[in-house]
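Everything on this sheet refers to the single structure shown next.
All chains are identified by letter, namely A, B and C, in their written order; residue positions are counted from 1 within each chain.
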Amino acid sequence: MATTLRLKIRGTIDAAAIAEIHGALDEAEATPDCRILVLEGGGDGVFCTGLNLEGAAADDASDGGATFYGLLERFTTTPRAVVAQVDGRAAGGGVGLAAASDFVYASERSAFSLPEALWGLLPCCVLPFLIRRVGFQKAYTMTFSTQPVSASEGERFNLVDAVADDPRALINRLAYRLTKLDESIIADMKQYFRKMWILSDEVEETAVKEFSRLMSTPAVRQRLADYATEKRFPWER
Amino acid sequence: MATTLRLKIRGTIDAAAIAEIHGALDEAEATPDCRILVLEGGGDGVFCTGLNLEGAAADDASDGGATFYGLLERFTTTPRAVVAQVDGRAAGGGVGLAAASDFVYASERSAFSLPEALWGLLPCCVLPFLIRRVGFQKAYTMTFSTQPVSASEGERFNLVDAVADDPRALINRLAYRLTKLDESIIADMKQYFRKMWILSDEVEETAVKEFSRLMSTPAVRQRLADYATEKRFPWER
Amino acid sequence: MATTLRLKIRGTIDAAAIAEIHGALDEAEATPDCRILVLEGGGDGVFCTGLNLEGAAADDASDGGATFYGLLERFTTTPRAVVAQVDGRAAGGGVGLAAASDFVYASERSAFSLPEALWGLLPCCVLPFLIRRVGFQKAYTMTFSTQPVSASEGERFNLVDAVADDPRALINRLAYRLTKLDESIIADMKQYFRKMWILSDEVEETAVKEFSRLMSTPAVRQRLADYATEKRFPWER
């Protein structure tokens, strides 16, 4: 059976978290009989809650869109299956990590939300990947309503491939099937699907520019600063 | 909590009905703390059955496509949430009003149908909005089969966001969430989603031209005239 | 009621099988009151398992993509409803025949799978039609996982319009509705939907070229030769 690598991702996204995931992809790609990289949370009821807010308050994070989009794009080109094993909360960019993964398995207690609009932001880099996974309308509703979606709701509209508190059997079954695939056909398949729908250079440019613009607005900077100093979320105003 | 405005729409679509909806949108946009415009039917088991057939028989209605498309397009750009509260029949353009709305709540007795093909027409202006809401295939099947879809079927494929005989609690909950959103982020969000998929200038032109062409064919003119004089639907032939 | 024509398709796809389906479409189009062509399997638990592997091993089948894509494309332009009545296994190109059909009715025992990746191939010509029917993600998951989907699973994500061991009542009801449609509006409708999404000339060219490229790789040629001589499938290695 093919080797399956695992990475416990950080609970929030910043340059270090992104570098760690790239490192795990490097290792998976350098391991010839590896077919699967599993991303999992830290076991604390959190998969990933998105942007590291303290970091974004301290730095000008407006150029972070390109880096994050680039990571998700790598999921859609690497000759490995990327599996998101979600157990707990996924929010913002954490939903993006799941949406861009090839397979998403989630425990019952998992929940997915896009709270960006409450900050005056949009999940710019998440949306192209989310739309291709769940279709236009559910991505739109999650963004607009900002309300969380449970694992079983998510399964109904393809955000989640299977609800499982212990997905090891699912991952083993997948690994068994993928053992039989050439590495090159996974890469060919991913390239082919990219040509079919939505992940164009134009969409990438739109996503990165809009993220940068929104992150630089005074209202967003103020909310991030308020959070950094008082740990007060915008919806607690 | 944000102000919620309501409009009882007319049961059929003509220039006056479209002007009334624009008027309600004007008022909603001019009311700073308004976040939601709810469109509802007249309480007579009808949400909206689409084109005013007597009117279309009397006039050359072939230029009506641009006006109607423009109204649906405004739903997708206004910095307000447009909610369709459907209680009863929605047909043709009435399905378009629902599909282009941000949120659709429908009572159990509601039904959605696209009977255009029976007239020799197509729901040209409805389809781009319906496809982005329900995906390609369900929009295709509704158009081709001309068969009605119930509220609960519609919920399964995202035509309806929630089935509720009394959606007031849902609307209040939504209003509570949307109170926390800046007006500008709603407009930004809608623009961003328009860039993601399907609502291009080219699609609009295709829709408006094809509606005009079909409305001008002798077969369609004859069916409209027959309806105006004898109240006989084409499927009763 | 409109005339319904039927064709028992061959269990595998080659030039002769494609010619037979074109012949049935010719006949349906030449029959003025015909509205429906039903494609069914041979009653042996197989709808169609895709490419004729012995044939592909013997010939250079790398130019077969254009012919097959052209057939599926004809389904999306013919002024007739094409109905796939699936009773048993549909695999590879057989899934394409179903996906490109206007309506798909499947018996409980039916199953749909895309095993191409196990051969080092991709369902290049199937995917544009499958994506428009089931959306991006399910087409992607079927291709990547190579695992079969049951009729009832397929119904949940629109691969199947209705699960029915005996679909005659469904087909009769459809024929009754379609009797009331002009032939020309079916053609107009299909053209209009083609303009809405995905079936562009560019997508066709991408599909045909990639199929040809993959079919010509030494690994694929070897697997086809192994199958032809030893009836051994690649996943039995």
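In this section, contacts are C-beta pairs under 8 Å (C-beta built on N, C-alpha and C of every residue); 3 or more make two chains touch, one makes a residue touch a chain.
By chain, UniProt protein names: A, B, C = Enoyl-CoA hydratase-related protein.
Keep in mind that this is a model prediction, so the values were computed, not measured.
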item: Separation of chain C from chain A in steps, with touching chains one step apart; value: 1
item: Classification of the chain A:chain B interface as same or different, half of numbers criterion; value: different
item: Chain A and chain B, separation of their C-alpha mean positions in angstrom; value: 33
item: Residue numbers of chain B (touch at least two other chains); value: 135, 198
item: For the chain B and chain A complex, residues of the former touching the latter; value: 81, 102-103, 132-135, 158, 161, 174, 177, 180-182, 184-186, 188-189, 192-193, 195-198
item: Chain A-facing residues of chain C, complex; value: 117-118, 120-122, 124, 127-128, 131, 135-138, 140-141, 143-147, 157, 198, 203, 206, 210, 214, 219, 234-235, 237
